[in-house]
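Each of the two complexes below includes subunit A, the first together with subunit B, the second together with subunit C.
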Partner chain A sequence: MSKPEKSFWEKAQAIDRRVLYAVLIVCTAISLFFKTEIPVNPDDSSKDLYVSLMTIDPNKTVLIESDWTNSTRGESAGHFEALMRILMNRNIKFVLYSIADPQAPQVARDALLRIQEERKAQGLKVYEPWVDYLDLGYFPNAEGHLQAVGNNIRTAWGGRKERDEAGVERDVFTSPVLSGVRVVGDASLLIVCSASATIDIAVERLYGKVPLGFMVTGVMGPNALPYYQARQIVGMGVGLKGVYDVEYMMTYGVNYRVEGTNKPKVSYREESVTIPPVTEGTTFDRGARYFLPLHVALALMILAIILGNVAMFASRKKRVVA
Partner chain B sequence: MNETFFWWKLTIGVIATIGLYSVLYRETKLYRFFEHLFLGLAAGFTLVALWKETLKPLWWDKMTGSATIDPITNVSTMDAPGYWVYGFLLPIGLMGYLVFTKRHNWMSRIPIGVILGFWSGQQVQIWWNRWGAQIYSSMQPVWPTTTDSFTRPYSADLPAPEQAYIAAQLYPSQAISNLIFVITILAALSYFFFSFDMKGRLLKGSNTLGRWLLMIGFGAIFGSTVMARFVLEIDRMSYIFVEWMDQTGKMFGGG
Partner chain C sequence: MIELIAQAAPEFNPFWGTEPSPEAIWKIFAAIAVGIVFMFLLMRVPTRSRRSIVMTFTFLSGAFYVVYYLWPEPINRGPNDAPSGFVDAGGFFLQDALPKVADIANVLTYLLLCLGIYSLTRIHLGRVVKKQKDWSFSVVLLIAMVAMIAVGYWDYILKEFNDPDKLLTKAENWGGVNYAYDMLFDGLIQQMDAAMFSMIAFFILSAAYRAFRIRSIEATVMMASAILLMVSLMGAVDYQWSEIIKGWTNDQPGNFLNNFNLSEVAGWVKNNLQIPSIRALEFGVGLGALAMGLRIWLGLERGGVSV
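Let's turn to the complex of A and B:
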């Protein structure tokens, strides 16, 4: 006896998952080659983070806790690169360190090198180690380390040595980057670029001692939102949307009205704040490149869910009628 | 960086990406090979990093002291004297491994006890730092202070006193937003009352609303996670089809 022929809806329900993966890969890969600017209203948390970064004292050092590896490069690299561009554009000194993963410092170094090469090609100032930034590497025991930084940063980082301009290894607190830092609060901001729960540790150990800002993955975003809502952090960028938000604000400014227009492209609740667009270097990059493919991927998923549900209801109805 | 080396580095990355993504088709030997390769690399890298970035600067250098050697004169000057007392940390740390012997495993409790003591002592401050501000910020005003306008008016062009007046008001739109927040937090908390029976329309309704709101919250969290996973896939595609192809073009096409 021959099997009854499957209807279209029954076939639709039984699509091989490998076909769906192939469609996803092809569609996202193709959409990577289309450069389109998608207008957005940046999230309030992204605006607060960006405004903080653009208004901090340029003479003070920023601490960057880089707690991401290549496993979240899609989101975290975009955050980190945008942060580097902003700080270098404002000529702010910074310190890099990691507490989440021994691989994290090398990944941050690679990303920093990319930005340095980009700026060199654009004829912009290239940051010098020791003079403009310090790379302290990895510290084990995240909780213990941040507790020590909060209690006495000079003791916590006192043993670290870096090469100065002459190639001589010296204590990091003799460098121009950290010479003015006596307590952690002497830094203008601590940015945690993270894909893990180190954001919780930062709040637990350093809240109230130094202003905190987060750049986190989409997975960690919901975990970090209560900190933003409670004003424990100055602002945060979440996932790829956060990357695109920052790039968008770098391109169009905040509360900045182009002559002849009534409304700014990005309006901010504190109307006294006006931040003009960043005029030198790259603004739109990884966030802008991945934003369209993300929309394509989400559209595909929504379509697949609708198709699956319609197919289920249609085949169920057919069975009931039969 | 040398262009050829950079191309090979990218190419190996592309092969590894394809190898790992081959699991989407089925679990292949190629996938298994790259899975083990990654595990081995990560373990090896961690061991080196443990010595280079942790044990050497935080323990060995402090125990042996450090000196600076002038690259021109080759004369060394002492920066920090060595503290031999750091040597005692090694046996204390090694005691942790005695957990594997039946006779001496009591000694492993010494380092664990020290860690637990430090940890417990920090908890009060940690708890308050994390939750205190959140409890405080949950007390939101829900009654508007003005009805001049539904939403906060644009005030950038107004004089400073008027800007300050507008900034100090709670407009109805913000009051509604705060009210939704307060209802959500109360309903969600009521869902976790397990000590007594939920009787009466108010308690039952609040419990059900809490469950619904929690589900909506979990849905939003899941959506954010899905989005993050898509971005990881997009990044890999960008690595292969943009970065690698671009470098390949430069290598072989002279572009």
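Let's turn to the complex of A and C:
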């Protein structure tokens, strides 16, 4: 006895997963070829982070905790590169370190090198190690380390050595980057670029000692939201939308009115704040490249959910009628 | 004791000096030798006594941080300030000792990494020697590990100690080792890392299609909020919808219809449903961690300290 032939709706309920995979890969791959500018309303958390980055004292050092690896490069690399561009455009010195993964320092170095090459090609200032930034590498024991940094940064990082301009190994606190830092609060901001729970450790150990800002993946976003709502962090970029938000604000500024228009592209709740667009270097990059594929992937997911449910109800109705 | 564990002045006092001195190198070798002897002695301790040793160390380590949190902290302490009483002296001591304790913890964590490498090597080498099931995978693992360690250190030594003019920062000056490192780390590990993570997208799509069905009220609420949040992540949709709302409200910020902006609705869901749930979860997790921490600290947790 042959099996009864499946109806259209029954077939629509049981599409082979390989077909779904193929559709996803083809659609997202095609959309990757288009670097599109999509108008958005940046999230409040992204605006707060960007405004903080653009208004901090340029003479103070920024600490960057880079806790991401290539597993989340779609989001974290975009965050990190946008951060580098902002700091380099504002000529702000920074310190890089990692506490989450031994691979993280090398990944950050590679990303930094990419931005350096890009700026060199654009004829912009290239950051010099020791003079403009320090790369302290990996510290294991995240909790203990950040506790020690909050207690006394000079003893916590004392003993770390880097090569100066002459190639001589010297204590990092004799470099122009950290020479003015006596306590962690002497840094203007600590940005945690993370794909893991190190955001929790940063708040637990350093909240109140230095202003904190987060650049996190979409998965870690919900974990970070309570800190933002409680104003324990100055702002945060979440996921690919966060990357694109920052790039969008770099391009169009915040509360900035172009001549001939009566409204800014990005408005901010504090009207006294006006940040003009970044005029030199790249603004739209990874966020703009990946934002369209994100739209495509999300649209596919929504369509798949709708199709599955419509097919389920249609075949159920058919059975009832039969 | 204070001087022994902590520096009286919080000023940085480098152990290495400008150049590694022979005396400091001898100190390091002596410390390693003492550590090995200590480990050897620990292994000789009868099994019954090991538990009490582990418990004692655990209690002392935990007690330091408990006292650190509870003891009054010196406020605005200057580099040349001296303690003026018992409470002050305790605060100064704890503040000075904390980086040293953190350093000890760092060294212990590094030792754990070494222990992991040792354990991995022992297990997989044993598998290969005994030709147990899937021993060929163990061969791949061992070769990969040894190759990465060897090439990684070789590349590091070349770049750090044999390249004063920083020529190796450019790929055109690279030698075979630098290319090998680049291929292994950036070409293989990093790409495989990214590939593994990106595969999740396929599984999520397939799972969403198969499992996200409206079969109950709970599933309906969950699906509605998931779709809402997904749509709000699509900046173009969010923007176009907000433009439509602006058209309806004549761009009046006080108009009630502005509440129906996607970002507003998604924000309401996040702020009023998601964040309280996460807080409640984290509160529960925190209480659980506190209870577990107390049990381990006081030696009540048998599993953690059994030797």
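By definition in this document, the second predicted complex is superposed on the first by the 322 of 322 C-alpha atoms of A that agree within 3 Å, B and C clash if a C-alpha of one lies under 4 Å from a C-alpha of the other, contacts with A are read in each partner's own complex, and residues count from 1 in each chain.
FYI, a residue touches a chain if its C-beta (ideal position, glycine included) is under 8 Å from a C-beta of that chain, and two chains touch if they have at least 3 such contacts.
Everything quoted here is computed from the prediction, not taken from an experiment.
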Partners on subunit A (subunit B, subunit C) - clash or fit: clash
Which superposed partner A:244 touches (first subunit B, second subunit C, both, neither): second
Partner chain in contact with A:312 - subunit B first, subunit C second, else both or neither: second
Contacts of A:107 with subunit B and subunit C, given as first, second, both or neither: second
Partner chain(s) touched by A:148 [first = subunit B, second = subunit C, both, neither]: second
First, second, both or neither for A:137, with subunit B first and subunit C second: first
Partner chain(s) touched by A:290 [first = subunit B, second = subunit C, both, neither]: first
Partner chain(s) touched by A:298 [first = subunit B, second = subunit C, both, neither]: both
Touching partner for A:276 - first (subunit B), second (subunit C), both, neither: neither
Touching partner for A:58 - first (subunit B), second (subunit C), both, neither: neither
Clashing subunit C stretch [against subunit B; choices 59-67, 95-103, 203-211 or 239-247]: 59-67
Common interface residues of subunit A - those touching subunit B in one complex and subunit C in the other: 21, 24-25, 71-74, 102-103, 139-140, 144, 147, 159, 161, 167-171, 218, 222, 226, 229, 239, 241, 294, 297-298, 301
Subunit B to subunit A touching residues, read off their complex: 24-25, 42, 45-46, 49-50, 52-54, 57-58, 61-62, 66, 68, 70-71, 79-80, 118-119, 122, 126, 129-130, 133-134, 136-137, 152, 154-156, 163, 217, 220-221, 224-228, 230-238, 240-242
Subunit C - residues contacting subunit A, complex: 7, 10-16, 18-19, 95-96, 98-99, 101-103, 105-106, 108-110, 113, 164, 169, 185-186, 189-191, 193-194, 196-198, 201-202, 204-206, 208-210, 212-214, 223, 227, 230-231, 233-239, 242, 261, 263, 267, 270-271, 274-275, 278-279, 282
Contacting residues of subunit A [partner subunit B, same complex]: 18, 21, 24-25, 28-29, 32-33, 71-75, 77, 102-103, 105, 137-140, 143-144, 147, 159-161, 166-171, 200, 203-205, 207-208, 217-219, 221-222, 226-227, 229-232, 238-241, 255, 269, 271-272, 289-290, 293-294, 297-298, 301
Subunit C partner contacts - residues on subunit A that touch it in the complex: 15, 17, 20-21, 24-25, 38-41, 43-44, 69-74, 102-103, 106-107, 110, 113, 139-141, 144-145, 147-148, 151-152, 154-156, 158-159, 161, 167-171, 173, 218, 222-223, 225-226, 229, 239, 241, 244, 291, 294-295, 297-302, 304-305, 307-309, 312-313
